[in-house]
Amino acid sequence: MAADLSVELLPGLRLKNPVMPASGTYECGSANVYNPGQLGAIVTKSVAPVPWPGNAPPRLHETTGGLLNAVGIPSEGVVAFREKVLPTLRQYDTALIISVAGETTEEFARVIQALEGEAGISAYELNFSCPNLGDGIPFGTNPDLLYQAVARARQETKRPIIVKLSPNVTDIALMAREAQKAGASAVALINTLTGMAIDVRRRRPVLGNTFGGLSGPAIKPVALRMVWEVAGAVDLPVIGVGGISNTSDALEFLLAGARAIQVGTANFANPLVMPQIINGIASYLEENGFSKITDIIGLARKGEEDWG
Amino acid sequence: MAADLSVELLPGLRLKNPVMPASGTYECGSANVYNPGQLGAIVTKSVAPVPWPGNAPPRLHETTGGLLNAVGIPSEGVVAFREKVLPTLRQYDTALIISVAGETTEEFARVIQALEGEAGISAYELNFSCPNLGDGIPFGTNPDLLYQAVARARQETKRPIIVKLSPNVTDIALMAREAQKAGASAVALINTLTGMAIDVRRRRPVLGNTFGGLSGPAIKPVALRMVWEVAGAVDLPVIGVGGISNTSDALEFLLAGARAIQVGTANFANPLVMPQIINGIASYLEENGFSKITDIIGLARKGEEDWG
Amino acid sequence: MLMYLQGKIVTQKVVAPEYNLLVIEQPAIAKAAQPGQFVMLKAWERRDLVLPRPFSLYRILPREGQIQILYKIRGQGTAEMARRGAGEEVELIGPSGKGITLPATGAIALLGRGIGAAPLMAIAEAAKGQGLEVYTFLSARERSLLLGEEDFARYSRRVVTSTDDGQEGGGRLLTDLLVDIIEKESPSLQRVYTCGSRRLARGLIPLQARYGFIAYVLLEEHMACGTGACKGCVCKVKDPARPEGYSYQKVCQDGAVFPVGEVVW
Amino acid sequence: MLMYLQGKIVTQKVVAPEYNLLVIEQPAIAKAAQPGQFVMLKAWERRDLVLPRPFSLYRILPREGQIQILYKIRGQGTAEMARRGAGEEVELIGPSGKGITLPATGAIALLGRGIGAAPLMAIAEAAKGQGLEVYTFLSARERSLLLGEEDFARYSRRVVTSTDDGQEGGGRLLTDLLVDIIEKESPSLQRVYTCGSRRLARGLIPLQARYGFIAYVLLEEHMACGTGACKGCVCKVKDPARPEGYSYQKVCQDGAVFPVGEVVW
C-alpha cells in the first residue's frame, strides 16, 4: 500500500504532500513540465503593496554550491497581482500561499487587506527580508519589529499566517517565539543568508546591490540547524527551507521536525525536482516500513538527550 | 621588480605577507611540504587553560562545498602547550599568533598569564566560539560578554590582541565595535557558521555533538560580506577568514578591506595552498601594475557610494 | 512552450582554440525553436555548479532533430561541457526567449563580435531560407577566432570580416564596414541584428534613422532559471510611463532580443 | 615523513561489482610506506567535494615505484575516482598513519571483511617477505565480493573464506574459523590484524589471552587532513590515567592500527 504523504500543516489546512516551492523561485506553468496541482502547495513570489521595480542588475552570481541573488522584490503590486495573477493561480487543485512583502508594518497589513475579499487563498506567508523603511534594519532581524508586524497582520485576517524567518540573526528560536506570541500560525525558515562577492578583475562588488542573499546547497547545514532549533523551541508547525535539492535533503528537514518543506534554488537547474522529491519521499517511507509521512516528522529528535 | 607583499598588520607587527593559517587547521611540519617560515604568520590551534578532551566523535562531515566540524577545542592545556609546543613554534622565522580559548572571562586571562613570560609571541587571538560556562551562550554572540572578556584580557598583556568574531550574530559590526571599545588591536572574522546534518538512514544527527561549525567555500560569500561590513565599521585592522581556497578568493577579501587573510579548510585538500596564494597575490599585483599589496587593500570600496 | 528534456550529444568538436561546437539530438526543441532563442544547459552532476548555463541556438535542425551550440570555454561550466562526448546526455530547458521576427522581404545584416556570432548563424540560415538577402559582418581579436565564416558564406550575399590585429578589414569597426556596404551596394536593409559587443550595438543606434532599418541586439545577463521565474536577468529598457524613465525587463523572457534603441545602455 | 605529491595513474580496473583497483606511479610514497599505512587522495577539481579521501595501501611496490589502492565505489568522491584513467593525475598526501610492526618470527593471521581486505594485502606481502606464516580469513556477502583471494593465496599458508549466503565456509564467523585453525594446526600465532567489521574486532578480544596473540584493528573514521592537524578523526582509547577512563586518539596519526583491547568499542 502506498504511504500517506498528506500532512495537516495547520488546523484545517491539509496538504496532499509536504513539498512546495520557496517564494520567488517558481512560476506556475513557466516550463511545461508538470501540473502544479501535484504540489503540496503553491507559494507565490512576494507581493508588494504597490509596484516595486527591484534592484539594479547584476542581480545574480553563482558561488560554490550557492547562488547570490539581489533581485529584491520586483512586484506588480497587490492590485495588479489580484486582478491578473491570482485568478490563474486559483485554478490549480492545491493549497495557495501568498507571500507578502512590505517596508512598514502598515504595508504588510495593506497587502493583506487588498486580498481579504478574494477566495482560494489558503494562507499568507510574511516575508520580512526587506529593510524597514524606518530604521533600515530588516524586520526579520529585529524581534520587536517582527512582533509588531505579525500582530498587526493578525488583526487583518483570520487566515493562517506563516512567518518566514531570516537566518541573519543571533537567536532564531527567539524570533520564532516572537512570531508565535504575535499570533503566527506557522513559521517557515530560512530565507537567504546575506553575502557578497567581489569581481577581482574589475575590483568592485559583483552585484548591483553590493549585498545579496545566499541560497542553495551551500546553506543547507545552517538551515537544517535552525529548523532543528526552532522545532524544539516553539509550538508551531515549521516549514523547512534552504538548500533542499533532492529527496535526501528533504528527508533531513522532515526528520529534524519540519512538517513541510520548500524548494527554491534547486528548481532552476532541475524543473522536475519537486515531483521527484514527492516520489522519493514516498519510496523512502515504503522501503523503511512507514505507512505515513507524519511517522517520520521529528524522528531524528527521538532520544535527543542521548546524543547531545 | 617584485611587488612588496609585506603588511603592517598592527603598529609594530609587520608581516612578510598577509597569508596565515586559520586556527585549528594547520600543524607546522605535519606534512613535509614547505617551511612554515614562508607564511605571513603562524596561528596555533586554540589553547585552553587546562587539558580539554574535545567532543565525542564523529566530529567531521562533508557538505556541499563545506565541512561541518564538531572537534571542539581538544587541547593539551596551556602548561603543556608552553613546555612542549611553543619552543618548536618559536623556531620559525615568522610571526607567531597564539589562539586562546576559554569558557569564562577568567579562563582567557589565565591562558594569557601563563604565556606572558614567554618570548616570541607576536599576538594573541581570542577564540570566542566556546559556550560561556555561565549561561551557555558563546561569548562570540553576546556583545556584553565579548566586551568583558576582551577588556579582562587587555589587562593581562601589552601584546596585541586579535579578537576572532563569530558569524552567528545579527550585527557583526556591533561585535567588532565592542571588541574595539574593549581594547582589541585587530579583529579576525569569521569563525564557523553553526550547522548540522542528519543521517537519513540512521535517522539521527551525523555529528556526535549534533551541531557543528560550517567552513569551506560554501561560507565564503557570508564571510566576505561580514569583512566588508566590519572594515567599514571599525578603525581596526581586519583579518579575513572563511572559505578562502585560492588566490582569487584571497584577493576578494583584501579588496574588501582585509589587511591579512587566513586559510582554513583549504589546507586539508591542498597542503600547498598557502604558498600558492602568496605567489598568486604577487603575480596579480605585478600583472595589474601595483607595486605593493597595500595598494589593493580595500580597493573595491572606492566609490562605494556609486554602487550601493 | 518551454520544455525540460534530456538531449544526447551527437558530436562535439573543437572549432578554434577554446571554442567548441556541440551537436545535440533533441527533436522536440529542434522543432519548436526559433532563431534568436536559447537553451539552458546542464552537463554535470557537480553540486558546486548550481545553475544551468544559457546558450544560444547556433543552428536549429528540425528535420535532423538536432540543435547546435557554438560556445567558448570560459569557466567551470563550459569546461565541464567540453569534457562530454558523443552519446552522453545533457539536460536542456528551452527553447527560451522570444527569438526574432524576420521581415517579409528585403535584406538583413548581422554584426557579430567573437562568440556573438553564435546566435546569428541560426538567423542567417532562416533568412536565407525565406529568400532574404543576408550581409554578415564578423569581428574578432584575430583570424583564428572568426567563427563560422564558411557557414555564414553559404547563407550570405557577403561576409565581411575584421580583426583587431588589422589582418582582416584593416581592423575597422563593423559598423563602419556596414556603412561602406550600404553606401556602395544600397541593399534594401530592413533589419540589423547584433551580438557580442555593447559598443557595436550602441554604434547602430544613430544609423537606424539614417538608413531606415531597425537594429536589434541579443543581450546577455547572468541567468538562474532562463524561464522568467527568478527575475534575476533584467536589463534596463526605456519606459516613458515610469518616473525613472525606464523599467526592468527580463532578458530570458522579454528578450534576449531587444531593439537597440530601447535599451538603456 | 608525510609528503604531498602528484601520482600518475598506471591502470585502473574493475575487480568486482563496485570495486576497483587503482595502480598509481608515485615512487617516493612507494619507497617510504609501511603496511597498514594509508594515503589521502584527491582526484577532482570539483569544489563541492572539499576533502581528500583516505585509502589504505593495498600493495606497496617500491621497486616499481608504485602503490595500489583497492576501493569500493561508495559516494561522489569514489565515483569521481572511478572515472579517471591511465595517465591522469591524482593528488596524494601520505604515507599516513603508523602502520604495523610485524613480529620477528612465527605466524600471523589476517581477518578481513569486505573492503576491509584492502590493507591486509600489504601486510600479507610484507609478512611473507619476512618469512612469517600467514593465515588469511576473508568474508563477504557473496563470493564475487571476496577480494584478492588469489593474491592472498600467494602470500598465505592458507586462505579461509566465508560468505553470508553460506556458499563459502558455511557462512560462519571468521573468528570461529580462526579458532578452528588454531585448534587444528597450532600455528605459532603472534599477531592478528583485522579490518572491515567492528564485530570481528571485538570478537578477537577474548581470544587473545586464550591463544597468546595480540590482535590489532585498522579503524576508519571520517577524516579531513589525514595528517594530525584537524583533530577530527578520533576514536576512544582506554586511558586509566583519566577520570573518564578513556581519551581520544587520532586515527590518522595514532592509528589507524590499534590493539583491539585498547579501543573503547
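Here the chain labels run A, B, C and D in written order, and each chain numbers its own residues starting at 1.
Heads up, the rule we're going with is that contacts are C-beta pairs under 8 Å (C-beta built on N, C-alpha and C of every residue); 3 or more make two chains touch, one makes a residue touch a chain.
The shown structure was predicted, so the numbers you read here are calculated from the model rather than taken from an experiment.
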{"item": "Neighbouring chains shared between subunit A and subunit D, ordered by label", "value": "B, C"}
{"item": "Longest centre-to-centre distance from subunit A, chain (CA-based)", "value": "D"}
{"item": "Geometric centre distance via CA averages, subunit D-subunit C, whole Å", "value": "56"}
{"item": "Centre-of-Cα separation between subunit C and subunit A, whole angstrom", "value": "36"}
{"item": "Between subunit B and subunit C, centroid-to-centroid distance (C-alpha), Å", "value": "47"}
{"item": "Interchain centroid distance [CA atoms averaged], subunit A/subunit B, Å", "value": "33"}
{"item": "Subunit C: positions in contact with at least two other chains", "value": "47-48"}
{"item": "Two or more partner chains touched - positions in subunit B", "value": "64-66, 217"}
{"item": "Chain-level touch network, classified as line, ring, star, complete or other", "value": "complete"}
{"item": "Complex interface listing, subunit A residues touching subunit B", "value": "56, 63-66, 68, 141, 168-171, 193-198, 200, 203-205, 208-212, 214, 217-222, 224-225, 228, 243, 248, 251-252, 255-256, 284, 296, 299-300, 303-304, 307-308"}
{"item": "Of subunit B, residues touching subunit D in the complex", "value": "24-27, 30-33, 45, 53-54, 57-62, 64-67, 69, 71, 74, 216-217, 245, 265-272"}
{"item": "Subunit A residues within the subunit D interface of the complex", "value": "64-65, 217"}
{"item": "Contacting residues of subunit C [partner subunit B, same complex]", "value": "47-48"}
{"item": "Contacting residues of subunit C [partner subunit D, same complex]", "value": "45-48, 76"}
